[in-house]
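Next up: the structures, one after another.
The following pair of complexes shares a single chain, chain A, combined with chain B in the former and chain C in the latter.
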Partner chain A sequence: MGILAFVLGFTLLFFIGHIVLHPNATFETILIRNFGLLAFLLLHVILITGPLARLNNKFLIILYNRRHLGVTMFLMALIHGAFSIMNFHSLGDINPVKSVFLSNLRYDSLIHFPFQVLGFTALVVLALMAVTSHDFWLKNLGPKLWKALHMMVYIAYALILLHVVLGAVQNESSPVFFGSILIGFITVASFHLIAAFREKTVDMPIDGTGADFVKACMVSEIKENRAKIITVSGERVAIFKYDGKLSAVNNFCRHQGGPLGEGKIVDGCITCPWHGYQYLPENGQSPPPFTEKVETYQLKLDGDEVWIDPRPFPEGTAVAPIEIA
Partner chain B sequence: MEQSISILIDALGVYMFIGLLFAFWFVTVGVKKLDVGAQGTPWHFKLILVPGSILLWPVLTWKLMAKNHE
Partner chain C sequence: MMEQENEFYIGWQEHAPSSFKSSRKGFFIITLIVAIIFGITYLFIERPFIESTFDFGNLTELEGTLVEYPVFGLKTSIDDQTVTVPLVGFGKFDALPVLDRIRSEAGDTPLEKLKVKLRGTIIQYRDRMWMELTEGNGSIIEVNTMDHLPERIINNKGTKTVIGEIIDPKCFFGVMNPAYGKIHKSCAIRCISGGIPPVLAVGEHGEFSDYYFLVDQQGHSVNKEVLAYVGIPVSLSGDVQQVDDWNVIKISPGELQTSVLIKLDNSFAYCF
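Entry: the complex of A and B
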């Protein structure tokens, strides 16, 4: 409801503002600009949600609603694209979609580049993500393919940035317009870099190639019913401490890719901080009737030092927890 | 170049048409073969699957074939 209210409120204000500032603009032009701008703004919010939530738990609430934002953003982009095609490409005797690609072939010109092709391609990428946002697709495509598909949001963002900038070059001269786009890009890039830097300093990647066991952390570094996340041989692993025991599982929640190691043990289960999906720490399996499984790891203790075998067991394999002396 | 783009868009049209036919079969019959959890689900859930089935019909076909070989 909140998203719908925002969209309606924004649209109302945009129409009023546009009519006042550009009284000669047609209804279709205002519509196209409104929904294009809305989609572009929402995409920025979506892109900074992940890093923001990693930097501060207070922003997890936005993360929970990211897929709703994503679908809404796609619908906004679809309205923008559909009206653009209807307005600029459906009046001739050529197929409107073909017209998008064939009406301007000046790919060798930066100033006259066919920017609509970039927008159309981005729309296809956004469509793939929007139509697979339901949990059914995550389960049946598999987490890796689903994640790869949804990481394409960065390709879509790059295409949309080029679409907006190259389109604006042909129609816009306001420095405020170009400045706003630059600020948006810097904001997205900065949040990603800050979150990545912080993650890297916390994770302390360990190269476990060829080793039987590598030192992961100290027992005292892990709080009770919480985890220490380490990166071993390129995989993020969460080592949980609970009831005087330690267990290690892959950090990637099979539901939506949430960071299990940032969750806690609730009722004896590792509980994902994003949507509450649960796994038993000793075997990485969701309690019945759920069927999600994550990879497990063998740990050993040497005094206060926790050592881990970098080779994961298959998803859902039972591994006896190690007792803390 | 124009001809290549034109052929590519025609091919995409054929892809989408096959996807549309596949989606009708998938949401009525195929989905239950792929995911037993989809049995008895309401019509609006199946409606949500239609756009994805149109776009990803080769992946779903491959998944269904892999499931049949299990």
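Entry: the complex of A and C
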């Protein structure tokens, strides 16, 4: 509802602004520009949401709306693309889609490059993501493939940046256009870099090659009903403390790859912070009737020190939790 | 503070803890402010739109004599002034099928001895008027023969070098706005490829002051030959002619590759 109000409000403002300040602008030009701008803005919001939620879990609430934002953004981009093709490429001597690729043939030049081809390709990528956004595809493709497919948003972003810089920006004279795009890019890149850096420092990798057990953390570092995430032998592992016990599972939620270690024990289950998928800490299995499973790990205590066997048990293997004295 | 740290929210839960709700609210407000600032800034910094019109949905009848050179047009009187209204077809096409139909109706009578009434959609920018023969052959209302040839003004103005952009005049004079530069390049290529006569608009970055039809030395169309140079700043030389109220520049298509100097290297807009 909020997204729809945002889109309608922006569109209304943009149209009224043109009627007042640019009365000679044609309806289709305003429409194309409005939805292009909206899609571009929403794409930045979508890209910022992920790292922002990693930096502060209070922003996870926005992550739940990311799929809706993504589909809305695709629809905005689709209106922009469809009207552009109708406007610039239809009613001519060749098929409009062919015209996108064959009208401007300066593929050999960066300055003259047919920028509409970049936008069209980005739209195809976004369409693929929007179509597969439903859980049906997540279940059928598997979380890893699905996640990889949806990481293509970064390819779409790169294509859209080039589409805008080699298209609209070249037709305008104000450096503010290029400056805004640069600020947008820097913002997105900064959030990602800060989140990655913080994750790297919080989550120092432990080399567990060849060892039976390696030191993971102190019991006191883990809050009640919460977890400490460590990286051991290249895998992220979440060590949970609950009811005076400790259990360790793979950090990667089988739903959408959410960080289980940033979740909480709710009703005796590890609950993923992204979409609430649940797993029993003692065996890594989702409670029936659900069937998702994650790998489990053997822990041991040495005083206040928590030690972990870096070799994972197969997904869903029961491992007795260790009691905290 | 501790309570806030311990708060946890799952997307499907009906009520979110207060700290989550305020994060969402803050994020939404910031996004809204950024969007409003960006939208308003955009309105103030985008290039102004020229005062061109396309009288979409309204058909107008014009009466006059036909001309074939430099392009198919109708010489008519508007507000006591004689003007040549170039004629184009529906979509991204020329109006030559209509011309052929008139020719077949006229038999042996030279085209320029015909007085016709045509109906179409007016395209206008300042004192330049064009007409789209929207209904194709249905645009022909009347065809009559005159007993004399209409007077034409043709003045040779010598060789000139002009700098500007090759545009498709149908879009430029009103169907689209703006209709120049890289964004419109593909559309202009399609229009010119479809037979709309190419025009060199003198000036750059949307500030154009004069217009020249492009033809070859024999006065024939150069549509195919100029396609690669459409929508970019160009400088070209040729013999300039005034034909009634339009200017024409005669270029040599065979030498186009060398006579057209692409001036991009000096253009700020193309280097950002």
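In the analysis below, the second predicted complex is superposed on the first by the 322 of 325 C-alpha atoms of A that agree within 3 Å, B and C clash if a C-alpha of one lies under 4 Å from a C-alpha of the other, contacts with A are read in each partner's own complex, and residues count from 1 in each chain.
Here is the rule we go by: a contact is a pair of C-beta atoms (placed from the backbone, for glycine too) under 8 Å apart; a residue touches a chain by one contact, two chains touch by 3 or more.
As the structure is a prediction and not an experimental result, all values here were calculated from the model.
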### Query
Putting chain B and chain C onto chain A via the overlay, clash or fit?
fit
### Task
Examine A:K147 and indicate which partner it touches, taking first as chain B and second as chain C; both and neither are also allowed.
neither
### Message
Once chain A of both complexes is superposed, is A:H134 in touch with chain B (first), chain C (second), both, or neither?
### Response
first
### Message
Quick check for you: in the superposed arrangement, does A:L91 touch first (chain B), second (chain C), both or neither?
### Response
second
### Message
Applying the document's definition of touch, where does A:H192 land relative to chain B and chain C: first, second, both, or neither?
### Response
neither
### Task
Could you tell me if A:K245 is touching chain B, chain C, both of them or neither one (first, second, both, neither)?
neither
### Summary
Partner touching more residues of chain A, chain B vs chain C, is chain C
### Task
Using the touch definition from the top, say if A:R236 reaches chain B (first), chain C (second), both or neither.
neither
### Message
Applying the document's definition of touch, where does A:K300 land relative to chain B and chain C: first, second, both, or neither?
### Response
neither
### Query
Once the shared chain is lined up, is A:R311 touching chain B (first), chain C (second), both, or neither of them?
neither
### Query
So, does A:L41 touch the first partner chain B, the second partner chain C, both, or neither?
second
### Task
Please work out how little space separates the C-alpha atoms of chain B and chain C at their nearest point after superposition, in whole Å.
15
### Task
Starting from the residues of chain A touching chain B, keep only those that also touch chain C in the other complex, and list them.
105
#### Entry: chain A-facing residues of chain C, complex
6-13, 16, 19-24, 27-28, 31-32, 34-36, 38-52, 54, 90-93, 176-178, 181-187, 189-191, 193-194, 205, 228, 231-232, 264, 268-272
## Note on the structure
Within their complex, chain A touches chain B through residues 95, 97-98, 101-102, 105, 127-128, 130-132, 134, 136-137, 139-141, 145
#### Entry: Residues of chain B defined as touching chain A within the complex
1-2, 5-6, 9, 34-35, 37-38, 45, 48-49, 51-52, 55-56, 59-60, 63
#### Entry: chain A residues touching chain C - in the complex, by the definition given at the top
2, 6, 10, 13-14, 17-18, 21-22, 24-26, 28-29, 33, 37, 41, 45, 52, 56, 58-64, 87-94, 99-100, 103-105, 111-112, 114-116, 165-178, 180, 223, 263-264, 266, 271, 273-276
